[in-house]
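Chain IDs A, B, C and D follow the sequence of writing; residue 1 opens each chain.
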Amino acid sequence: MKNFKRNGFVLILLVLLLSACSSGAINTTTSKEKTKEKTDDNSPIKIGALLPSTGVYASLGENLLNGMNLYFEEQNWEVAGKKIEIIHEDTEADPQVALRKLRKLTDQDKIDILTGPVSTAVAYAIRDEVDSKKLPFLDSHAGGNDLTRSKRSDYIWRSSFSSWQIGHSMGEWAYKNVGKKIYVTAADYAFGHEVAEAFKEAYTKAGGQIAGEVYPPLGNNDYSSYLGKMNKEGIDGIYAFYAGSDAVRFVQQYDQYGLKEKIPLIGSGWLTAEDVRPQQANSPDGIKASIFWDYSLDTKENQTFIKAYEKKYNKRASIESAEGYDAAMILAEAINKLKGDVSDPDKLIEAMSSVEINSPRGPIKFDKDTHNVIQNLYIVETGIVNGKTENKVIDTIPQVVDPGK
Amino acid sequence: MKKGPIKGTLLFLLMVLVPFFLSIYYVNILSEILILGVFAVSLNILVGQTGMVSLGHAAFFGAGAYATGLAAIKFSTNIFVTLGIGLLFAFLLALIIGLLSTKAHGFYFLMLTLACSQIFYSLVYQWTTVTGGSNGLSGIAPLDVFGDIRLSNQVFVYYFILVVMAILLFLLSRFLHSPLGSVFIGIKENEERMKSIGYNTALYKNISFLISGTMGGLAGGLYVIFNGFISPTDVYWTASGSVLIMVLIGGVGTLWGPVIGAAFIVILETIVSSYTENWMMIIGTAFILFVIFAPNGIVGIFNRAKRIVVKQQKIEHKEPNIIPIKQQTKMDG
Amino acid sequence: MKKENILSLKGLSKHFGGIKVIEDVTLEVTAGERVGLIGPNGAGKSTLFNMIAGDLEPSGGSISYFADMINRWPNYKRTEQGIVRTFQKNNLMLGLTVKENLLLVLQRIDKKHTQWWKTANKKNYPSLYEKVEKLLYEWGLQEYSQTKVQDLSYGVQRQIEIIMAIAGNPKLLLLDEPTAGMSQLETDQIISLINKLPSEVTIMMIEHDIEVLFGNMDRVIVLHAGTLIADGSPEEVRVNPDVKEIYMGKEEAANA
Amino acid sequence: MSALLLQMMNGLSYGMLLFIITCGITIVFGILGVLNLAHGSLYVLGSYVGYSLIIKAGLPFWVALMAVPLLIAIIGLVLEVVILRPTYKLGHLSQVLLTFGLAYIFHDVFSMMWGKNILVVNPPDVLNMSVEIAGNAIPAYRLALIVIGIVIAIFLWYTQEKTKWGAVIRAGLSDKEMVGGLGVNIHFVFTCVFFLGSLMAGLGGVLGSPVLGVYPGMEFQILILSLVVLVVGGLGSVTGTFIASLLVGFVETFSRFFLPELSLIITFALMALVLVIRPQGLTGRRVV
C-alpha cells in the first residue's frame, strides 16, 4: 500500500512536469496548425491510397493503383506546379487493418487527400474517422449505397458508382428487352443484396415479375444446386450479380449445366469483366450486362486510355483501372482549381465537387446533394470475336442519378 | 523480494507517459496492441493455462464487440453499461460453446471450437438487419465514462484501455498464482491424474473457458470503443488463428507473452506492409524461425538471455511459475 | 466388534468388444484390511482397479463403497470420498515440481483449491506448505522439492506417485504395482513406509513380487483370466493347488 | 423428381471432388499425426502449375495430370525432409505453427508468380461438354470426376488394407514404436506417406482447377474444407474420408437447394454434431 502511494505521488509529479514541456500526442491533438503551414513551400501534395494488395480484393486494388499511377505519370507527377506523391497502404480488405493504416496515413504521413478503398466494409469503417478529421476523401471504388445516403459526410465524395446505379439501370431495360419474368440471383453479401434490390425495384416498377431469388454465399465453389433451382420453365431470364472468382464459376457452370441454351443471362458488368472473361472461355457468349465503363467503349478518351494503359502495363485495362484513372483525373482537376493550395479541406472539397470531366467512361460529374457520381451506364453484350470473347456496347442509359435515400 | 508488482507499476507509469512523448499515431498503435493483448491474454488462459488449444476464440471477441456496439447504438452511451452488456453476451456464448466443447480433447476440441465460431460467424454475417452483415456495424459514437466525461479523444481511449488492461493483468497475475490457478496448470499437465486426485476437471475446464471467453468479449468491447466499428472479418476463423499465433509467438503460458506477441504481430504487420506487399512471407518466415529456434516464444528468448546474463545468481525463491505449454499437447486425442 | 465392509463387489464384469477381461468377480473388503492382488499378465488386475477407482465403467455388476452404490460416481468423486489410487505407469504432472504436485493434492484436502485471490505461497497458506514439507521430510525427498518431476529418476517419480496417493487422505488405497521397476533397496523403503500407514487405512495392492505380498498382507486374492480363483490368507493361497498350477507354475517356469 | 435426381448427381460429383481434394491431408494427419496446414497450399500449387503447363505451355491436360502430382510430391518430400522432420520431436503445436508459416510463404510466392487474378483451366476437350441424363444436362467432366474419385478410393483402400506397405502404415497408426521394432525405418515410412499425401494434393489441384479455378487465398478455403471432411470422417481412414466426403457433398448440395440461406451454417453444424456425438469421427477409432 505504501508503495502504491509513493508511486501515485511520483506519477502525478511526472505528469505535471511533462505536460509542461511535451510534444506528444496530447499536444498535437489540440493544435493542428503545424500541419497546415507546410503547403506554402515546395512540399508535395500527398495522396493516400488505401487499397488492398493482399487478400481477396488484391487484384482490384492493384488495378486501381495502376490507373492512378498512369494518370499522374502522364502529368509527370506534377499538378499546378506541385509534386504529387501517392502513399499506398495495404488494407488487406480488412476493416481493422484499414483503420490502422488510415491512422498511419493521417497521423504519420500527413496526407492531404485520401482515396480508395475497394471493400465497402472498409469505407464504412473509416467513415467516422475521416469525417472527424475533416480529411477530403474521394471514394474510387467501394459502392455501398449508404456511403452517399445515411452515412453521407461533407468530406466524402464518390467517383465510382453506387450499387443502386448498377442494379437499377438494368431494370427497365430488362423489362423492355429481355422479358416479363426474371429470376434474381446474387452473392450473399451486402453489395450483392443492394444490387439485386435495386434491380428488382426498377424491374417490378416497369411491370416485370420476379420469378424467384436465391443468394449463394460469397466465394461459393459449386453452383450446381442453385442452378437447379433457377432452371424453371416459363422464365425469360436470370439476373445475376457475381464478381471475381464467383463470376468465373457461375458463368461457366451456367453454361455446363445447359442453362445457356435455355435461359438468357443478364447481370452486372462484373459478370463479364475484363479480368474474368479470359478464364470463362466461351461461356459468357450472349450475356448482357450493365456497367459504367467497358473496354469496348468507343470514345476518344477511352481509346487513348486503354492504349496508354496497355503500353505501360502490358495488359488490358480493367474497370478498376479506369476508376483509378478517373479518380486521379478528378483530384488533379481539383488541385488545379485551387492552384495547388490544398491546405483547406473545405475548399478542396468545394473544388472537387464541382469537377466535371470527360473521362474514359464518358462525361461524369458529382451530385451535390448525395456526393455520388452522375454517370452513364452502358448495356454491354458479350460476343465472340476471333475465337475470344469481347464485349460490345449495345445501349446507353444516360446520366444515372442515385436517389440518395 | 517482490519485484513483480514494482516492475509492473513502473511499466504502467511509463505507459501513462507515452502520449506525452509519442505522436497520436503511435498512441493508437499502442491502444490496438493493448486490445489485442487483452484478447491474446484471454486465449492464453485456455491454451497456456489449462492446455486447451482453441481455434474459435474470435467468436467471443465478436460477441463482445457486437453486443457492446449494438448496446451503444440502441440503449446507452455509458461505457460501463455497454461494456457490461458485451461481457454478459460473451459470457453466455462461452457458456454454450464451453458446455459443448470442453468434453472433447486436443485436436477435436480445436475443431469443435472452430465449428462453433464459424456458426457464430455465419449468424453475424447473415443477420444483416441487426449486425449490418458483411458491411459491419459502424457509426458507434464515443461513449461516456462518468457524467460528462466522454471518450472523444483517442488519448482518453488509450488511457481507458490502459487502466482496464492494468486491472486485468493485476487480477490475472493474482489468479494465476493462486491455488485455483494451479488447478488449471495441473489440468494442462495431466488431466487424468487431476481427476484421480479428486478434481472435477470438467468443471474447471468450463470455468477456464468461461473466464477466457468473457475476457475475449471484453477485448471485443474495447475494440469497438476504440474503433467505433466491427465487421465479420474480425469474427472469421483467421482472426482466431492470428490471436493463437500471437500467443504462441509471445510465449505460451506466460503472463506477458501474449501481450508481447500481439505487439510483435501488430508492429511487424504495420511496418513491413508499408514497405512490401509480401509481408505474409516475412511473417511466415518469422513463424518458422520461432518454431525451430525459439519454441518458447519471445518470453522464452528473454528468459534464456536473462539466464545467461545472471548465470551465477542463485535463484532462491521460486514461486510456482507458469510452465510453457507442454510441447506434446495431445492433438491426436 | 465386527468391522464394516469398506468395499463390496458383486458380479462385477468388464467386456471390451467380445473379450471378457473381468468376469463375475464378487468380493468384500473390510475396513483396515491389507489385501494383495496377484495374477499373471492380462488377468485383469489393473482393469479391476480402474473400475473401483472409476476410470472404467463396468459392463455389469455393482460396486459398493461403505453403504453407497458407487457405480455411477465419477472418479473424482470417489477420490473425494477416500478411494485413492496409484497407477501402474507413473502418471504425474511432469512439468511441475515435486512440491507443486503435492500441493495440488493437499490443497484439495484442505479445501483451499477454489481460492483465487491469494497467491499460493507459504505466507498465505502456512499449514498447507508445512504439510508438504513434512511429507517430503518423512520420505527423505526434501532435496527434490523444487525439481521438476520430469527431471527425476524413475524410482523417485515412483515414490512421488505413492506419496501423492497417501497424501490424498485415503480410506481405501489402491496401489497398482508400487514397486515396479525399482531396486531392492527402494522396494524395501516403499514397503516399510506403506506398513507405517495408519491401521484404519484399507489397502489393496497389485504386486508381482510374491514375497513382498505374502510377507506384508493380511489376505491375498488371485485373479486368472478375469475370474477370482483364490481368496484367503497368504498361507492358504500359497498352498492352494489351483494357484500353484496356474500361477506359480508358470511363474517358476518363466523364471527357470 | 428429376430435379432431385439432378441434385443427387451434383451431390455425388461434389462429394467426389471433396474426396479427391481431402484424401491427401487425411493420409498425412491420420498416419503421421502431422496436421499439415500447408496442405491447401500444396493443392493450390498443383492447380497453378497445372495451369502453367496446360494454358501457358500448351500441353495436353493428361500430361499435366501425370506430371504435376509428381512434381508436387517431390516438393512435399523436400519440405518433409528439410523442414518438418526436425519438428517431429517438438510436438503438434509446433508443427501447426510451422506449416501455417509455410502456408503464408506459399501465399506470397503464388501471387508473385501467378498474379492475383483467378485462373481457370478448361477441362480436356473430350470432356468439355454436357451429357443429357433424365432431361438434365450434366457436365461430362463432373461425371469423369465421379469415376476418378472411385478409382482413387479403391487404389488407396487397396494400398492401405491389402499390401505390405498398408500393413506397416496401419501398424504405424496404432503404435509408432512397434513399427520401429519391426525393423522398418520409420523415417522412411513417414517420408513415403508425406510423399503420397502431397501426390494426392497435386492430383487434386489439377483435377479440381477446371471446376474451382485457382486464386490467391484459396488455400485457406481448401484447408477448412479438408478439416471438415477430416473431422467428420475420422482420422486416417480412407473409408471414413470417402464416406465423409460424400456426406458433406450431399449435405451441402441439398442444403443449398432447400435452405440456401443456411447452407453456410449447416456444414459446420454437421461437423459440430459429429464431434459432440462421436468425437472420434464417423468411422474413426477412439484415441484417448
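FYI, a residue touches a chain if its C-beta (ideal position, glycine included) is under 8 Å from a C-beta of that chain, and two chains touch if they have at least 3 such contacts.
Note that this is a predicted model, so its numbers are computed, not measured.
Trainee: So which chain is farthest from chain A, going by the mean of the CA atoms in each chain?
Mentor: Relative to chain A, the chain with the farthest C-alpha centre is C.
Trainee: Suppose every chain is reduced to the average of its Cα atoms; which one is closest to the average of all protein Cα atoms?
Mentor: Central chain is B.
Trainee: Can you give the whole-Å distance between the Cα centres of chain B and chain D?
Mentor: 33
Trainee: Distance between chain A and chain C based on Cα centroids, please, to the nearest Å.
Mentor: One centre to the other, that is 72 Å.
Trainee: Could you state the distance in Å from the CA-based centre of chain B to that of chain C?
Mentor: That pair's centroid distance is 42 Å.
Trainee: Measuring centre to centre with CA averages, how many angstrom lie between chain A and chain B?
Mentor: Each chain reduced to its C-alpha mean, chain A and chain B end up 34 Å apart.
Trainee: Going through chain D residue by residue, note those that touch at least 2 other chains and give them in order.
Mentor: Each of 111, 261, 264 in chain D touches at least two other chains.
Trainee: Please set out, as single numbers or ranges, the residues of chain A touching at least two other chains.
Mentor: Where chain A meets two or more other chains at a single residue, that happens at 54, 188.
Trainee: Which chains touch which?
Mentor: Chain pairs that touch: A-B, A-D, B-C, B-D.
Trainee: Flag every residue of chain B that touches chain D in the complex, lowest number first.
Mentor: Against chain D, chain B makes touches at 53, 100-101, 103-108, 111-112, 114-116, 118-119, 122-123, 125-126, 237-238, 241, 245, 248, 252, 278, 280-281, 283-288, 290-292, 295, 325-329, 331-333.
Trainee: Could you please specify the touching residues of chain B with respect to chain C in the complex?
Mentor: 174-175, 177-183, 185-186, 189-190, 192-201, 318-320, 323, 326
Trainee: Could you please specify the touching residues of chain D with respect to chain A in the complex?
Mentor: 3, 6-7, 10, 13-14, 17, 111, 115-120, 122, 130, 132, 136-139, 141-142, 211-213, 215-217, 221, 252-254, 256-257, 260-261, 263-264
Trainee: Which part of chain D faces chain B closely enough to touch in the complex?
Mentor: Touch residues, chain D against chain B: 33, 35, 83, 86-87, 90-94, 96-98, 100-105, 107-109, 111-112, 220, 224, 227-228, 231, 235, 261, 264-265, 268-269, 271-272, 275-276, 279-280, 286-288.
Trainee: Where on chain A does chain B make contact in their complex?
Mentor: 3-4, 7, 10-11, 14-15, 18-19, 22-26, 28-29, 53-54, 89-90, 92-97, 99-101, 103-104, 107-108, 120-121, 124-125, 127-129, 144, 146, 151, 188-191, 193, 218
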